[in-house]
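Here it is, the structure in full.
Order as written gives the chain letters A, B, C and D; numbering starts at 1 within each chain.
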Amino acid sequence: MTVTATPVREEAVPEPAAGRRLIDKVFKARELAVAAVLLVMLGATQLSNTEFLSEQGIKDLLLNATILVLVATGQAVVVITRNVDLSVGSVLGISAFAAGTYLQDGGSSLIAILLAVALGALFGALNGALVSLGKVPALVVTLGTLYIVRGIDSIWVGSQQITADDLPNGFVDFGHDGIWVVPYLALLALAVLAAVGYYLRSYRSGREMYALGSSPEAATLAGVPVRKRIMTAYVLCGALAGLAGALYLARFGNVDSATGSGYELTVVSAVVVGGVAFTGGSGSVYGAALGALLLTSINSVLPAIGVSSVWVTAINGILLLLAIAVDRILALRVAAVLRKQAAQLRSARHA
Amino acid sequence: MTHPEPETTPVLALEGVSKSFGAVRALRGVSLRLYAGEAHALAGENGAGKSTLIKALAGVHRPDTGTVLLDGEPVEFHGPADARDAGVAVIYQEPTLFPDLSVAENIFMGRQPRRALGRVDHASVRRATADLFARLGVDLDPDQPARGLSIADQQLVEIAKALSFDARVLIMDEPTAALTGSEVARLFGVVRTLREQGAAVLFISHRLEEIFQLCQRVTTLRDGAWIASEPLDGLTEDDLVRRMVGRDLAELYPKQDTRTGEVALSVRRLTREGVFTDVSFDVRRGEIVGLAGLVGAGRSEVARAVFGVDRFDGGEVEVLGTRLKPGAPSLAMAAGLALVPEDRRAQGLVMDMSIERNIGLTGFADTTRAGLMNRKAERSRSVDWAVRLQVKYARLGDVVGTLSGGNQQKVVLAKWLATAPQVLIVDEPTRGIDVGTKAEVHRLLSALAAEGVAVLMISSDLPEILGMADRVLVMHEGRLSAELTRAEATEESVMAAATGRTNQGSAA
Amino acid sequence: GGTTKDDAAKEGGTAAAGKADPNAETKKDLTVAFLPKQVNNPYFTTADNGGKKAVESLGSTYKEVGTSSGTDTAGQVSYVNTLTQQQADAIAVSAQDPGALCTALKQAMKNGVSVVTYDSDTKADCRQVFVSQASAEDLGRTQVQEMAKQIGGKGEIAILSAAQTATNQNTWIDFMKDELKKPEYKDIKLVKTAYGDDDAQKSFQQTQGLLQEHPKLAGIISPTTVGIKAAAQYLAGSKYKGKVKLTGLGTPNDMRAYVKNGTVEAFELWDPAKLGALAAHTAVALESGQITGQEGEKFKAGDLGEFTVGKDGVVSLGKPTVFSKSNIDDFDF
Amino acid sequence: MRWDSAVGALLLVLLICSFSFVDNFGNALNLSFLIGNTLPIALIALPMTMLVISGEVDLSVGSTAGLSGAVMGALWNAGMAIETIIPICLLLGVVCGLVNGLLVTRLGLPSLAVTIGTMAAYRGIAQIVLGSDSVTDFPTQYLDFGAGRIGDTFIPYALFPFLVLLAIAVVVLHATPTGRSLFAIGASEEAARFSGIRVKRLKLSMFVTTGVLSALTGVFWALHYASARYDNATGLELSVIAAVLLGGIDFDGGKGTLGGAIAGVFLLGTLQNAMSLQNVSAQSQIVVTGVLLVISVLGPRIGRQVAQARARRRTAAAPPPQAAPST
């Protein structure tokens, strides 16, 4: 066939106004929906109970969120690579106990924290190895390690427990002190969050995690070192679960063989609410952190406005559903609006 | 001008390469040499082993025997990354994009320009992408996510990606299958420039005229075996076909004359906001109506809305007098409608299921007795159609994803022809199908029309439209811009309507 | 028509009991199995170790089985089944649920296994004897008395309990409420009962909630070892430390740090080891035929002295111990 | 060998070993305990298998069962006849399933997220409905049905209805268009839609079925353990999912058999029973379950690699084809 036609698409699409583009972006940002829900909720609670956002209240909110934020950050990274780590609760538990045992014998706080992080990273590496080398479904593998680590933990811990009495005072104080209303633990979590977020956004290897989650085949063809990236994600997730374990110890001053059991569901909820898709490749750790903040805040809001604890579970579930449903409906609306805009643009060009 | 085999060392070469998948011997001792500054074509029927050969070159498959030579030295690519680092850029037959990432990131993944401290320079990624698109004459937004791009746009992104490498070797597996003439022309322009700058090019296409336009030398494969490597000068299309098929070929567009009957498909003022507007047309029994247009004109969208997989905002669709409920493909099927979709991997086939089950998916009404599956009926229905369409397979229970691209396309056709539709919509029915089979598909469509089936054929292959259609509808930016009779329809008139430079012919 | 609650009630229960022979010899070489609510729970480990010592001193074999979750009723049922299968001679069980174990326990008794409940009871006809850690009444009332003492007899108080279904806690709370009706507590107002589900984090947040909702709160009673510990940890790290009083049931080891740093003045508990020992003695006495679980029967329980079976087959350990700065270092459990 | 047959074989081996080496395993009473305690998981595994094959999951099954039990208890306390209560509970299951299904199919939300939400919501509603009550005084003939067995055999009464449901499920999944469609949806939802399969409707009906069977399990649970409490069947979802995964059902959808899933359920049940009889502690049992799960996914994978390696060695041993001629 002889091609005589001149190239067709020479008339460039008019560059959309920068302002509109910004608005689109803002509307598309799922994090915003979560943040809005959070603010409305906190505001409303403050109106009905002025104690809620008192100095102590804010401190409590931040402290409560800290541990979940850390674990959710790690989980989000794993989920972005289209995997999942269900063993985080077990890893948190065993790392907390390890740190506690070390401190009980008179160790230093810093080394205890590092120990917990290292132990967590070790279990993360185990998960990562099983998932990436075996190329097997992460859900099953980490459900397996959830049981295995919990089992090892209960055999090791037995009926022992670490109580505040066993811990150095400095460590326990670190668990609740802070600078004005911002506890040290929250500062630490924030720093970790920012670092991980920045890494994912601004480094090749971080971008490759998104690529990998978005399409594993395409990632292989693009030369992304798939195993290495999955490994990194799991090690990071494990390490953060370990860190969270150490902070749990500082915060609650108490660890036994059941510490952290069932935590995986809370973490997964936080990640989901925060808009990180389980199909991989989308969402951000900031979203996951906001999700974590939202979930823990609900648990503080309900008692604070005097809702009987009998209702808490139900309201929790319904709010979770509302959060994801509203987010989804907003997204659909925005998509429809954008489609209409495109139509107008096109017919304007057509005319 | 003749092109004798250059005396220099080939940039990239295969020597005696074999590759088997289980019992299937996809490549048997094949050799191939790519020289700097030369465009080399690879020809062969569906399933001949072309894609497999490319994957061996690109480090996706490790050859069972034989070697890959880079600058005359044997190399072992342990993965696509190795090949890429050696300067080999590949466009695979099926686009492999990251749907969640922006087009720009897709192109530069793993190679993003960096700023201090190894941070990715997002701005220059975007700028470089815009430059590439300008070079190719594509008006995609670099920030747009890859999800939702049409097959053609995906293919363009893949092309941009391959060009961005400034590679020594550019390998393209059917890059033009989804493209219309103008994009192909642009692509060829760019590729010629690259070749003149000293790149070696390997090019696969089932459109033989493209091979003659672009390439200097051709290698032919048949059933995984090497047949010939020769200059294209002095070769005719018929010679090439004979090498590929081993026999002479029937007429490519065997249009039978048919008597058109009553209106079978009637579409009235169909609108889906932002996608297409006010589309009305009829297709009569016994008629083949071509739907032409540029990539992105919205043809596939119309087909999908008619069939009911997409909803529409206004208008109505009637099949043989029955008004269809929007958004209900099962009812459309019951009314006698069938749609062969454009994206066989995502829409046409369940890639992880067997050939038999895939064909069976549309035939539950025929293959159930008292609510239970009748395995025998299911099997014979599938065998029947797989054989009629000459699908090349080892066993009917094989997973459809292991078939070659063209054979997958045949399975999609089989799946829908088996429903004995009254109205058949085919969207790019011969995309990726070899010349031999293409003629077969055309004969089949003709025969169906002769039997009184109403056929709506969407195709980006203009000769196919002109050769097959009784009537041609042309779409431009979501609207019908022309309706041409077979006599009126020429390359010029269709292209004019497709690019919106027309007043001739009025919208139906 | 159909079968309703009223029809079912008419069917009535069955209580089978032979005759007790107080002078029967204490049998040896029995297998006595302890089935706590949750293994690995320090409280139950202490109790069961008490039981172990007693069983072994009586020349029998001790074993402990159980679930690792405190709310896995189905698991507990299957452990009862397993023990029946293994033909244990006697089971001492702390029931996660008063009803759920009934079928299994009745089946065990039918198979000749003696069944004692300890710490947490089932319905009365599903076991022979319940060994109670102190009378529920004593426990409920003394906690209110202790709290009243600490807050000087007036102010708002709240209760932080375990699960809403926890049988023990609910009984004690009923007695607390009853005690509060007395005129000397007219200035004390119980403003809320919250449930922390025996989960450290939940109890923690419930405590925060109580304090935010009731800024004038003077004290919290937490009749659960997990709850009191979590509440103490929160108070210790907040501005309420020492201002809001906390009492309830806790173990000395858990609470030592908080008593010493002034977060908690005093709390109480029975000695779980003694509870376990008494359960062991009761089980062996039952299996030996010295008692059958009828009211008024008496038996000797080694060092613990003589006990009498009360109404509904309940044997009570005695009054709880109050722990404070002065005596807490004398205990290690 | 396919993984589901492997699990079946493993179950067989385990049964033989347990019969020969584990004291008290083989007697009728123990077997009836084993079956009775495994039935709730097996019951829910039926629809869960289909749901997972169609690419979705329902984590709210345990809570639906709990809610059904709680409503049963509350209505019973209110004096309603049990013959009326049970249908009401099943209807409730329909509603629970509908809520899940509509949120997933109409709003297009991921089922994992939706059912984490409803898991909490249903459990919470159960808590509101029944509070701290524990209802135990259901009529004896019903309790006997829930917990009893036929004479002195190992067969619990409740086994029969289960077998009927199992047969129906096997036929539906493996021999009807519905089953075929479920596999297609799980493997590629878009391709299924383009094939004229009514994806949303099928998915919705699967969620409803799961809801009903979960509610039925809730009723059975309350009768079997003679106790209706709001926290009945807590954590059941994880047991079901673990068993179904062990049985070779692929969580990405599109693969698996009901036979494999049920073999997985009874493999875990038997293993737990045998280990308890052998006095293996609860903690070690958890570890064993975990290891089994990991093996269940690594096993087939390693098997495949070994097979491939062997095949490669065979081709390598064969004489190399002639070098191709070149021009």
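Points to keep in mind about this one:
The working rule: a contact is a pair of C-beta atoms (placed from the backbone, for glycine too) under 8 Å apart; a residue touches a chain by one contact, two chains touch by 3 or more.
The structure displayed is predicted, hence computed values, not measured ones.
Contact count check for A-D and B-D (C-beta pairs in contact): higher for A-D.
Distance from chain B peaks, on a Cα-centroid basis, for C.
Note on chain placement: the centre of chain B and the centre of chain C lie 74 Å apart, centres being C-alpha means.
Our note on geometry: chain A versus chain D, Cα centroid distance of 29 Å, whole angstroms. If you average the Cα atoms of chain B and of chain D, the two centres end up 43 Å apart.
Centre-to-centre separation of chain A and chain C, using mean CA positions: 39 Å.
For chain A, residues that reach two or more other chains under the stated contact definition are 154, 277, 310.
Residue positions 127, 131, 281-283, 286 of chain D each touch two or more of the other chains. Applying the touch criterion to all chain pairs gives A-B, A-C, A-D, B-D, C-D. Note for the complex: chain C touches chain A at residues 39-42, 44-45, 68-69, 164, 192, 194-196, 200-202, 204-206, 208-213, 215, 229-230, 233, 236-240, 253-254, 256-258, 260. For chain D in complex with chain C, the residues that touch the partner chain are 23-24, 27, 29-30, 33, 37, 40, 76-77, 79-84, 127, 131-143, 147, 221, 225-227, 229-235, 272-273, 276-277, 279, 281-283, 286.
Remark: chain A residues 49, 51-52, 54-57, 60, 64, 154, 157-161, 163-165, 172-173, 175-177, 252-254, 256-259, 261, 299-300, 302-306, 309-310 touch chain C in the complex. If you check the complex, the residues on chain A that touch chain D are 130, 134-137, 139-141, 143-152, 154-155, 265, 268-269, 272-273, 277-279, 310-318, 320-321, 324-325, 328-329, 332. Against chain B, in their complex, chain D makes its touches with residues 171, 175-177, 179-181, 183-184, 187-188, 190-198, 254-255, 311-312, 315-316, 320-327.
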